[in-house]
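Read the structure below first, then the notes.
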Amino acid sequence: MPGLEDLYREIILDHYKSPRNRGSLEPPAVRSEGHNPLCGDEIEVFLIVKDGIVDDIKIGGQGCSISQSSASMMSAAVKGKPVEQARALIHRFKHMMSIDEGGEEPDTSAPLGDLEALQGVVKFPVRIKCAVLSWNTLAEALDIAAE
Amino acid sequence: MSFDVQKVRADFPVLAELINDKPLVYLDSANTSQKPNAVIDAMTQFMQHGYAPTNRSAYQLAADATDKFEGARAKVATFINAPKVHEVLYTKNATEALNLIVRSWGTANLSAGDAVVLTHMEHHANIVPWQMLAAERGFTIRWVPLTSDGLLDLSNLDTLLDGAKAFSFTAMSNVLGTINPTAALCAAAHKAGAIAIVDACQAVPHMPTDVQAWGADFVTFSSHKMVGPSGLGILWGRESLLDAMPPFLGGGNMISDVKLEGFTYAELPAKFEAGTQPVIEAIGLGAAVDYLTAIGMDNVRAHEQDITVLALNSLNDRFGSDITIHGSTDAALRGATISFAYRDVHPHDISQVLDQNNVCVRAGHHCAKPLMRLLGANATVRASFYLYNTPSDVTALCDALSEAGDFFTL
Amino acid sequence: MSFDVQKVRADFPVLAELINDKPLVYLDSANTSQKPNAVIDAMTQFMQHGYAPTNRSAYQLAADATDKFEGARAKVATFINAPKVHEVLYTKNATEALNLIVRSWGTANLSAGDAVVLTHMEHHANIVPWQMLAAERGFTIRWVPLTSDGLLDLSNLDTLLDGAKAFSFTAMSNVLGTINPTAALCAAAHKAGAIAIVDACQAVPHMPTDVQAWGADFVTFSSHKMVGPSGLGILWGRESLLDAMPPFLGGGNMISDVKLEGFTYAELPAKFEAGTQPVIEAIGLGAAVDYLTAIGMDNVRAHEQDITVLALNSLNDRFGSDITIHGSTDAALRGATISFAYRDVHPHDISQVLDQNNVCVRAGHHCAKPLMRLLGANATVRASFYLYNTPSDVTALCDALSEAGDFFTL
Amino acid sequence: MPGLEDLYREIILDHYKSPRNRGSLEPPAVRSEGHNPLCGDEIEVFLIVKDGIVDDIKIGGQGCSISQSSASMMSAAVKGKPVEQARALIHRFKHMMSIDEGGEEPDTSAPLGDLEALQGVVKFPVRIKCAVLSWNTLAEALDIAAE
């Protein structure tokens, strides 16, 4: 059985205790909401897309250390990046979480940075949903912004 | 793999039972099938070593149980060639699956002036739910008639389907054994703009099933008829239809959020799986699917076809004009379910004499009263064979039947 | 009979499992309970030696199976002191039982302008079905609030019940452990002219149940929480109400006759039991009822009360103001289900550390989101004890909890 | 296991082959109908009650030897008898079939005649429903006639 250290890397606990981009944005920012019906975790993603770029992003809601740190890292990773790159990152992250959505194998050449620390979650299948919640919610927000 | 019926029999402990020193001749598998050790053991092992809640708690034991439970769903999906695993829904039996379709899809799609097409050979499970909703909504039910040899009479099918919203039919009759041309019927439904619902209770256990090759929209069947446990049925449905339907039962697991003012529901498959699911049963069905897959559904079908030929010939040879076998005489068009009348002896009395010889058949209307009226009978004797039945079971049936003849001609 | 928890534990094979060389500390019985050998063996034996259809075929094997299946119904009737055996209906789980009541009784009795009373501590299974029908029919749902120590606030009950048609409530909260004054609540409902529906999922497994002493009209519970198998629930209802209700699911077994033009339905209990029933499961539940009866439900309740006192004291002693236990502190008013918050560590993270020590608890909303909102939490940790838990399980919980505290205060 | 002779006594087969009071009656005779949903057996009872006496009774429908012979014997046993006596016989017959409906123990002093032969059915529990079908249908007809 994998140990707690495999799951709770230091960088994860750091994001959990000091979440990045925490807060909310007023309209015209778009908002989407995700629930983990299993455990009650909730995530809100507020997003401003300008000229194909994730101009600003804020994260609300509550959840466990895994869902919160994943959301925090995600916000840091996509802020200021082109929408296409954000979408590619969602695909790559879910792939890392062993969620196969079909489509092409993601390009794994670019470094993942802090997100690398979440790799250990795969060994705890129940927590994959925690890690992925914010990413699904971001995908929805990007869809809304594209409408 | 070559098929060895004696090897198969050794997997089913009940078939080794002696009742009053005589072996059991189980010919009631169209009703419900016996269970092999692989299924019994999978359930027992799980209860002894791994029982835990699924899709709720986060600890390892629960995660492992969830994996097994969801793994069984994936096995079923493969077994029937479902495009997506989350299109496979657990229900309590095929009956609930059919009620779910009628209630959920039907309520959203059927109103006065609409029509639904059924056939004259349907099981009550594919009749009564439609009649219940029709009484509320005022839509019409149209019936595909039968030919004299127990096949669907398709000569007017296009007229019957004209303007209909759904065509719901059995893939194989549980009384006559007739195997219907499922793919063609689905295509005819679609041509008319109707959805196609296949009651596959008698098909999935007995022949290879490919829901995509059928082109069906919904397919239902029961675990207990395919060497799996009771308490579990399967509804497969096209994702686009399931997504558009309202939920059926409300409660835990099927929700995304619940507030005092109302609820929002979860994604497939949870949306249609309210409350604690038949978990032990799903694991049993997973083992049943593995068991049947290892034997090969082609082999099962071939074996049953051999038995059917033998049984039809033996009954005709030994009883001639004393016996009336309902349905087709062509084993290629039918499964190993054989209903018959024997002189004017009542089926219930025949089954009594057969039972005295441990020959287990069903005597009755087989939950298909409209069909029975068409046959002009209140009841028939039905002998139904499965992968574990042998030529000597056919002999036992014939011997017991001639005993019944003797007894009632005193 | 004297109660010996070590003897009881020996009946449950999973409790002897070692996971990573450490024993299993199963504290999730409010979710679903483990199964004793008596239940596992009854199911296995039946599948190995006596499996057959029930209430359909006439041969001896089928008659014996029917006797066992109906015998289990009689055992359940005795267990809850139901006046008539045929008032006990098999469903797939408590959730289906509640949906059956809402759909069948509710459709016949509720329309716009009517009101139904629920409480703030209900499980989703006793909320969502009402919301679904309310959305169609336009009746109102009223909510009994809670006091700060997690009891029902009954100060305005008569006003809430005034003009209501039904009062549906849990006999014991699956989150707070609160035991509600069921008999008094049923009496209050009747005084107001409403029927009383008791969700007894958390009561029947843990204390003596007497539906007549309660004076209830409907009572629902699940086999899997009372050491029985999954895939089976029970609905008990007063004969006069059940007789007046329309059927719920349509299909085989629930009919008296079926013609093309419509059907007539059978008498109780068949009327509400469409399709092949959870037969193996019913036989398992019969064995579960025998098992619990032999131990004595008074003994079960007394043992759980002892464990509750110990757990409440231990948690408070060891964690003081670091822990917030929801619900009453009086073990006489509650069952052995204890929800708590520990500092600001998220319940999911706590359960992870606990799991590392094989301590199985549930972290989440426990299918009671309206209650969670009231508690101001998205989730709680819930440790729930049953007849097989010991004082050392309490110690294991506390030890693991302090490890979690250490880990998250790095 | 009991043998076939226990079930199929000669007198039963006789009633089966030559059923008494077979046929139907026109209104004002009352009519009731019974189904055995298990096996599809159907029984019709046509009844004329005059001055508290079962003045005439006819039996229609189809079924197995047990249900048919039971109906035949029943018709012979109640025809010309006071309604009260017919009701008492229903009670007594169901009691013999081990169906307990509560109420007083039936008086078993009077001889049962042909009906005695149906005693063996009790050893074949599945067939009890066959034997009792016509009796339940008669009870219903008596209720209708009393309205």
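Some notes on this structure:
A, B, C and D are the chain letters, set down in written order, and residue numbers restart from 1 in every chain.
In the analysis below, contacts are C-beta pairs under 8 Å (C-beta built on N, C-alpha and C of every residue); 3 or more make two chains touch, one makes a residue touch a chain.
Here the structure is a predicted model, which means the values were calculated and not measured.
The chains that touch chain C as well as chain D are B. The interface holding more C-beta pairs in contact, when B-D is weighed against A-B, is B-D. Rounded to whole angstrom, the centroid-to-centroid distance between chain A and chain C, based on C-alpha atoms, equals 37 Å.
Centre-to-centre separation of chain A and chain B, using mean CA positions: 45 Å.
Here the spacing of chain B and chain C, counted between their Cα centres, is 31 Å. Across the assembly, chain C contributes 19, 56, 58-60, 62, 253, 255, 257, 348, 352, 363-364, 369 as residues in contact with two or more other chains.
In chain D, the residues touching two or more other chains are 1, 38-39, 127.
Against chain D, the residues of chain C that register as touching in their complex are 55-56, 58-60, 62-63, 66-67, 253, 255-257, 266, 270.
Taken together, the chain B residues at the contact with chain C in this complex read 13-14, 17, 19, 24, 26, 28, 31-32, 34-35, 39-40, 43-44, 47-53, 56-62, 92-96, 98-99, 123-125, 127-129, 131-132, 135, 141, 143, 222, 224, 229-233, 247, 249-255, 257-260, 262-263, 274-281, 348, 351-352, 354-355, 359-364, 367, 369-370, 373. Put simply, chain D touches chain C in their complex at residues 1, 35, 37-39, 125-127.
Residues 19-20, 346-349, 352-353, 356, 363-365, 369, 372, 378-379, 407-408, 410 of chain C are the ones that touch chain A when the two sit in their complex.
On chain D, the positions that touch chain B within their shared complex are 1, 3-4, 7-8, 13, 38-42, 62-68, 124, 127, 130.
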